[in-house]
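Some structures are shown below for you to check.
In the two complexes that follow, chain A is the common piece, with chain B as its partner first and chain C second.
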Partner chain A sequence: MNLSRRQALAFGGAVVTVSLIPIDFAKAASDATMADIKSFTGGASVAEGGIELTTPEIAENGNTVPISVSAPGAVSIMILADGNPNPGVATFHFSDMAEPSAATRIRLAGTQNVIAVAKMADGSFTQTSRSVKVTIGGCGG
Partner chain B sequence: MAKIKPRVKVPKSVAAGEYFTVKTLINHKMESGQRKDKKTGKKIPRKIINYFEATFNGKPVFSVDIQPAVSSNPFFQFSMKIEEAGKLAFKWVDDDGSVYETAKSIKIG
Partner chain C sequence: MISRRDFLQASMAASAIVGASGFGNWARLAAGQRLTQDDLLKFDTFGNVSLIHITDIHGQLKPIYFREPEINIGVGAAKGHVPHITGAAFRKLYGISDGSPEAYALTYDDFTSLAKTYGRMGGLDRVATVVNAIRAERPDALLLDGGDTWHGSYTCYHTAGQDMVNVMNALKPDAMTFHWEFTLGSERVQEIVDGLPFAALGQNIFDKEWDEPAETFAPYKMFESGGVKIAVIGQAFPYMPIANPGWMFPEYSFGIREEHMQETVDEVRAKGAELVVLLSHNGFDVDKKMAGRVKGIDVILSGHTHDALPEPVLVGETIIIASGSNGKFVSRVDLDVRNGKMMGFRHKLIPVFADVIAADKGMTALIDEQRAPYMDQLSEVIGRTDSLLYRRGNFNGTWDDLICNALIDEREADIALSPGFRWGPSLVPGQDITREDLFNAVSMNYPAAYRSEMTGKTLKLILEDVADNLFNPDPYYQQGGDMVRVGGMGYTIDINKPIGARLSNMTLLKTGEAIDPNKTYVVAGWASVNQGTKGPAIWDVVESYIKRKGTVSVDPNKSVKVVGA
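Let's turn to the complex of A and B:
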């Protein structure tokens, strides 16, 4: 490929521009998941980290996958399963009497990302995600 | 369906201001609305517990908005602390409007 200096610069510039756009985690999530996150946050920006989401790496039975989540300072935590027919799983609400951590068992339709979004006491939001490999799906059948 | 019976595990007495773990389980099929009847091929309508709440002496402690992706026999575990003795009440709300309730007293000491 023969590029003139001008073309080469333009091309290089374009590459830099593209790579400057942060690899948005949101891009990896489905539209329905994004809509759920948006309705939870009210469109506020969501930071990464600050939540500990514990899931099994491999779940043999997608019908009952144990998960636990903990986010110091959170008042609510929403759990989403990106690859389910409906991404919503559950939203936990904590008062000042409760520690912002909870555990439950969820259904996963297949191998996918489980996402936790926490609303902090100061109104900010943060999220994290974990990938779970599922051998037998837990929805439909 | 078998009779719905909530089960909770709460310590009888706790130290004031120290976190303790509460485990809850209720037997419920949590019909997701995604499953098909094998004979008719029609979707089985959704019927789940859609809300769970724990209150201590009437004050909210922990609640969950539940969607069909929570497993059958929904299990929830959380931690809480109290400063005074009292009653920890639990409530589950079914899609059909039924409310299942139970409560435990907790002492300090």
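Let's turn to the complex of A and C:
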């Protein structure tokens, strides 16, 4: 059995003092992102959790950043790059037969939050986000 | 700051692991006693498993001087904790007396005079003696190399790593992981790895196109030692294509890949591993964060950030071992593994004092054989130093100040940039500088010394970017190098600010004027990650400068002001 990232995080929470970069959606997300989310949800409230988004912490190449997302029970998942001029990247729709997970590569204009919003079968919404750093690099080691 | 005793007690209570460090064995030698090989190697064999860890050798076959950092600032949760404790505070934490062998080996103060007393450290023929002594007591001990092995010297450069491969193969490691090795280019890496008589590991080495684990590198290897099933998982440096030129190994992608690490740990546990060892090139703070988030790792053998710690750091039930760099130290970790559980450990950071530990004669001969074709080049004296030349430290080192002075002079630049590498041995005042010494400080496979024009705005962007790689409060966003070293320009840095706001008071030193964001400056530097960078090799630039000066001396660098440390 593979532990999910979320379970690993929950287990780890007791001993680790370093947190992920905190995201406050109300403050952090751009107006364009909020508008895209609103058109996806129809203005319904959006919960947190129940959706896994995997990204690199630092992009090896901002022009093509591999990401993957999964949300058990989702009928569709929207991906947004909060710092891009047009935040909406992709929306995946899942049939009853398909496991609601997807992987793609996205272009990031700079360091920013990648946000995933899932619509569940019961019509509710949930979201998560990860910060991806785009760096000029060159002095490690 | 909590005391070491509190820390260990709290950790032990929380983890139910009993542990001991052999540090005291050599700490007690301070009372005027003569160091002996027996004292340095003394270890009461414990439990049923022994691990031997060496890492970040950076091509150093022969004994060297290596001064540990004076400035090593921790941010966020790392602030005030090892390895971000140096000098007197470090000695106090571990009960080390001033002027003792361990003060010389582990801290920076009085380096010049202590170097005269205690001599050079390292040398893979001495390391061989240490490894053989451990194997005599525990024949199936596992020898694990944390990487940054096939890089960093004149002979390593001219043989594309073959000198190190030949010597390490004779040491018979059981597994290794990677960083600078990839700057040999993926074709050469493939060629060497195909012939390696031991495991080449990296759970985070992925095929870039398919985003799947790369075929050349196994994520882990299972061993049986002392009747215990041991899984050794590899973790290569996560940010290779960012910190080093990705165009040299375009087939590969890396990253921390924490989820895949957890899956790998779960997989080896399911296969019956009773002990899970992570052979890591993450860097210490990344390892510490990972130890708190990935469940089921017993031991992390930590490399990349070159920290040498005389005791393990405990995170939950995981022990983290940091074994220094440049062949200065070998860690021995004995473990008691029973019923699939690590019940206790005994650890010793063995300092390889080159004048105390006898060289293994066979290994000396093998090392000299690698060097023989190049001896004329290696031994040529190109100048002399009046100053202690060292690199390690967050902001500047005299080696880089010398390199920056050479770049400004030889390339007629306003400002010079030298990367914040952590490798590069030290030279003591009065020492001749040979070509070998120079290569030890600059040897690499992308050595072009560029000369280009940059606006003040671009300079700030670069410095802010590098500063965030060092001082981002989340270790997963750090790359493990030190700050880029700057010649010809001063600045103030507030390490606790976010990216874009750390740097201020950027000043052109030759005029004393503030750097103008819109003005263009001539900047010379080296080790650019960009493909097609033009310019002479950095070693030619610095050699020309040193030869012209004859004897070099480097004034203390007071042009960087640090706030918030």
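What we mean here is this: the second predicted complex is superposed on the first by the 111 of 141 C-alpha atoms of A that agree within 3 Å, B and C clash if a C-alpha of one lies under 4 Å from a C-alpha of the other, contacts with A are read in each partner's own complex, and residues count from 1 in each chain.
Going forward, a contact is a pair of C-beta atoms (placed from the backbone, for glycine too) under 8 Å apart; a residue touches a chain by one contact, two chains touch by 3 or more.
Here the structure is a predicted model, which is why all the values come from computation and not from measurement.
When the shared chain is aligned, chain C comes close enough to touch A:56, but chain B does not. Of the two partner chains placed by superposition, chain B and chain C are both touched by A:103. In the overlay built on the shared chain, the residue A:37 is in contact with neither chain B nor chain C. Contacts of A:74 after superposition: neither chain B nor chain C is touched.
On chain A, the surface touched by chain B in one complex and the surface touched by chain C in the other have residues 103, 138-141 in common.
The residues of chain C lying in touch with chain A in their complex are 76-77, 148, 179-180, 211, 237-239, 241-244, 246, 253-256, 258-259, 262-263, 266-267, 270, 289, 292-295, 304, 315-316, 419-423, 461-462, 465-466, 468-469, 472-477, 479-481, 484, 499, 527-529.
The part of chain A that touches chain B in the complex is made up of residues 63-65, 68, 81, 84-86, 88-95, 97-99, 101-108, 138-141.
Taken together, the chain A residues at the contact with chain C in this complex read 1-3, 5, 8-9, 11-12, 15-21, 54, 56-58, 60-61, 66, 103, 111, 131, 133, 135-141.
Interface residues of chain B, counted against chain A in their complex, comprise 19, 32, 34-36, 54, 56, 59-72, 74-82.
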